[in-house]
Amino acid sequence: MKAYLNRRYLFSASHRLHNDTMSAEENRRTYGKCNNPHGHGHNYVLEVTVSGQVDPRTGMVCNLVELDGFVRSQVLERFDHQNLNLVKEFTEIVPTTENLCIVIYDILRRGFPQAHLEKVRIEETMKNSFEYGRIL
Amino acid sequence: MKAYLNRRYLFSASHRLHNDTMSAEENRRTYGKCNNPHGHGHNYVLEVTVSGQVDPRTGMVCNLVELDGFVRSQVLERFDHQNLNLVKEFTEIVPTTENLCIVIYDILRRGFPQAHLEKVRIEETMKNSFEYGRIL
Amino acid sequence: MKAYLNRRYLFSASHRLHNDTMSAEENRRTYGKCNNPHGHGHNYVLEVTVSGQVDPRTGMVCNLVELDGFVRSQVLERFDHQNLNLVKEFTEIVPTTENLCIVIYDILRRGFPQAHLEKVRIEETMKNSFEYGRIL
Amino acid sequence: MKAYLNRRYLFSASHRLHNDTMSAEENRRTYGKCNNPHGHGHNYVLEVTVSGQVDPRTGMVCNLVELDGFVRSQVLERFDHQNLNLVKEFTEIVPTTENLCIVIYDILRRGFPQAHLEKVRIEETMKNSFEYGRIL
Amino acid sequence: MKAYLNRRYLFSASHRLHNDTMSAEENRRTYGKCNNPHGHGHNYVLEVTVSGQVDPRTGMVCNLVELDGFVRSQVLERFDHQNLNLVKEFTEIVPTTENLCIVIYDILRRGFPQAHLEKVRIEETMKNSFEYGRIL
Amino acid sequence: MKAYLNRRYLFSASHRLHNDTMSAEENRRTYGKCNNPHGHGHNYVLEVTVSGQVDPRTGMVCNLVELDGFVRSQVLERFDHQNLNLVKEFTEIVPTTENLCIVIYDILRRGFPQAHLEKVRIEETMKNSFEYGRIL
């Protein structure tokens, strides 16, 4: 038996889906209107899931104050109200929401050992969400 | 590690839960007000989950334009604004939302090999949702 | 200054938009897929707004238990899990959500004098809502 | 008594709040992180409200197919997946959501006389929404 | 023509609906389970609406940073994660959500003259919301 | 392949996070404002997930009427509109939402053998949710 904590954070950013190594036509066919030249943006909803045993003393899986502090300084302050194409992690890879999940997963896995990271989930719009985590 | 894409679609339909091989009394006891003779309806929220590795070139798990096209022509155009009891797949089985998940799962599994199908989830109301997929 | 209470209720029903006095072609052009012959359905969200002064003794605009009892017996028990085309009020008028607002407004205005009725609002889908009330 | 129809549309766009006639310092103080140089973006939820008497023949306030067609061609196709700062209407005014409401209100008032326009409402994020309409 | 800004804030608090001048029986009849002796709680969603002309220079109705700062220090820090029955404003009146609207409206009207206050709206649960403002 | 039913229930309650065996300072550091002396409250959204094969006769995984009856009498009537710190199960453990998940999971596992219980999920606020179930 295991307990899971899901914590949600909101941020807004712009991006343009475009791969310099593909032709204009292929970019257009692959990304549709997300390839529009001047970019567009979203309100992203980030959900971080950590798991573990519930500490019998505190009744908690993970200290939320610590998790919030880490996500604020390492994720939100770097991505919120930014153009994702200009963020360091996206100089070589396209800022799709799939890749955004992987980037944030890696930031958490490396920098936040206080809890077992299960997955990162990002809602890009009411219609699309993406997740990245270990194979179930 | 694996990435997941969840894509949501909306459709509205009517249905009546009723099994001809059960007595009127048993139908009433099993389905409650969902057995009311003239049917009722819902706004269904369909969520399709596919998974895979993120393509390093496109940054995507699955081409959304293709998935949307398939779901539109094979699911939404056949079920949206219809009476589910009259749809071909429900001539022999009761159109519960459990069975609706299975029917849509099978349509996707057979007709959309472009991505690995994980599960189909349908919200029937704010209070009920159903999922169908491989055993975790 | 005035206080307002908004109270939400959920019900599910089916309907078909069709006017017998119009031609098949005109029905189709007017109602689109909502004219499909076998009906479809929705999860309706009904919101009733009443207003008044806040009673200094109870701190309330209107007794919710009384409002809930009235709406349950006079609206929900009659419309929930039904085919609206077969409900008495819709024998002569088309069960659009505009007309559904008017019908429920009239039921409340006539039968629930305990509070000042401001308006009735119905969400038909995530994309459509309708309201009926006094001219602002 | 009057009936109201509220219709919602979704679009995603990027913008940067910045007024060239103000100093960098004043821009920063006025717009905070919304003044970040490379822009950011949102999923905008646009809600258009029209009103009128319910047509006794159709049971409708306004033909939705016509409204949807107008909004699609005149608003969504011009603003969705764009950088608002580069849209014609915002060459002289700052693309705040207040101004976006006014711009869309004017497009509808001039181009869609088929229904009485009451107001335009835009949700910028889960926390912010703006409306523009006649004085109540 | 007028523009409106709606800004939402979340806080969680507990309360018990009980009037010392009423009998136990009358309290029970008036407030139902909200009169349970040890209190209960809610996640309140507060929405503040201010209005005005859009400043042609800034494109804004009201500076959000100022509004947020005022609400944080005068409302959220005093009510969030508290028992409302023990908050100074509720020593003489019952902490119904109607009265909570009035109390917050008065705090804003007296302390925040930077914008024209239209109304205060509080969602107590998914089913109940209350508003307080000038008579329309 | 397996089918899952998720059923949601709402209740409102108050709690205070505090462990008598920890110092005032440690309680404060661990629980932050959730340790405020007079408690606070939430609207909890409980989601119960059961799984199984779809019964070919009824088209259902589990009879909802039975599940609703059990949850109403064993969970909602005991926890709704209560102070969780005073509920029997929390005399020895802190009423965190992690522990609330475990308590409700155990009530269901012991008392409702009619379906295979997968997990219990509770949303405490729009930002926090917790789950408890078997290790995936």
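Note that the chains take the letters A, B, C, D, E and F in the order they are written out, and that residue 1 is the start of every chain.
Everything that follows uses one rule, which is that a contact is a pair of C-beta atoms (placed from the backbone, for glycine too) under 8 Å apart; a residue touches a chain by one contact, two chains touch by 3 or more.
What you see is a predicted model; the values in this text were computed from it and never measured.
Chemist: From subunit B, count the fewest steps through touching chains until subunit D is reached.
Modeler: The distance in steps between these two chains is 2.
Chemist: Tell me, which chains sit next to both subunit A and subunit B?
Modeler: F
Chemist: Half is the threshold here, strictly exceeded: which of A-F, E-F or A-B has more than half of its contact pairs identical to B-C by residue number?
Modeler: Answer for B-C: the repeating interface is E-F.
Chemist: Have a look at where subunit E meets subunit F and say same if over half of the interface residue numbers show up on both copies, different if under half do.
Modeler: Result for this pair: same.
Chemist: Among the chains, which has its CA centre at the largest distance from subunit F's?
Modeler: Checked the centroid distances; the maximum from subunit F is D.
Chemist: What chain lies farthest away from subunit C once each centre is taken as the mean of the Cα atoms?
Modeler: A
Chemist: Could you grab the centroid distance between subunit B and subunit F? Build each centroid from C-alpha atoms only and quote it in angstrom.
Modeler: Using C-alpha averages as centres, the distance is 28 Å.
Chemist: How many Å are there between the centre of subunit B and the centre of subunit E, using C-alpha atoms for each centre?
Modeler: Taking the average C-alpha coordinate of subunit B and of subunit E, the gap between them is 41 Å.
Chemist: When you check subunit B against every other chain, which residues touch at least two of them?
Modeler: Within subunit B, residues 126, 136 contact more than one other chain.
Chemist: Touching pairs of chains, all of them, please.
Modeler: Taking the chains two at a time, the touching pairs are A-B, A-D, A-F, B-C, B-F, C-D, C-E, D-E, E-F.
Chemist: Which stretch or stretches of subunit E touch subunit C in the complex?
Modeler: Listed in rising order, the residues of subunit E that touch subunit C are 17, 19, 21-22, 30-32, 93-96, 98-99, 101-102, 126-136.
Chemist: For a test of understanding, state which residues of subunit C touch subunit B in their complex under the given definition.
Modeler: 10, 12-15, 33-34, 36, 38-43, 80-83, 86, 125-126
Chemist: In the complex, go through subunit E and note every residue touching subunit D.
Modeler: 1-9, 54, 56-61, 63-65, 136
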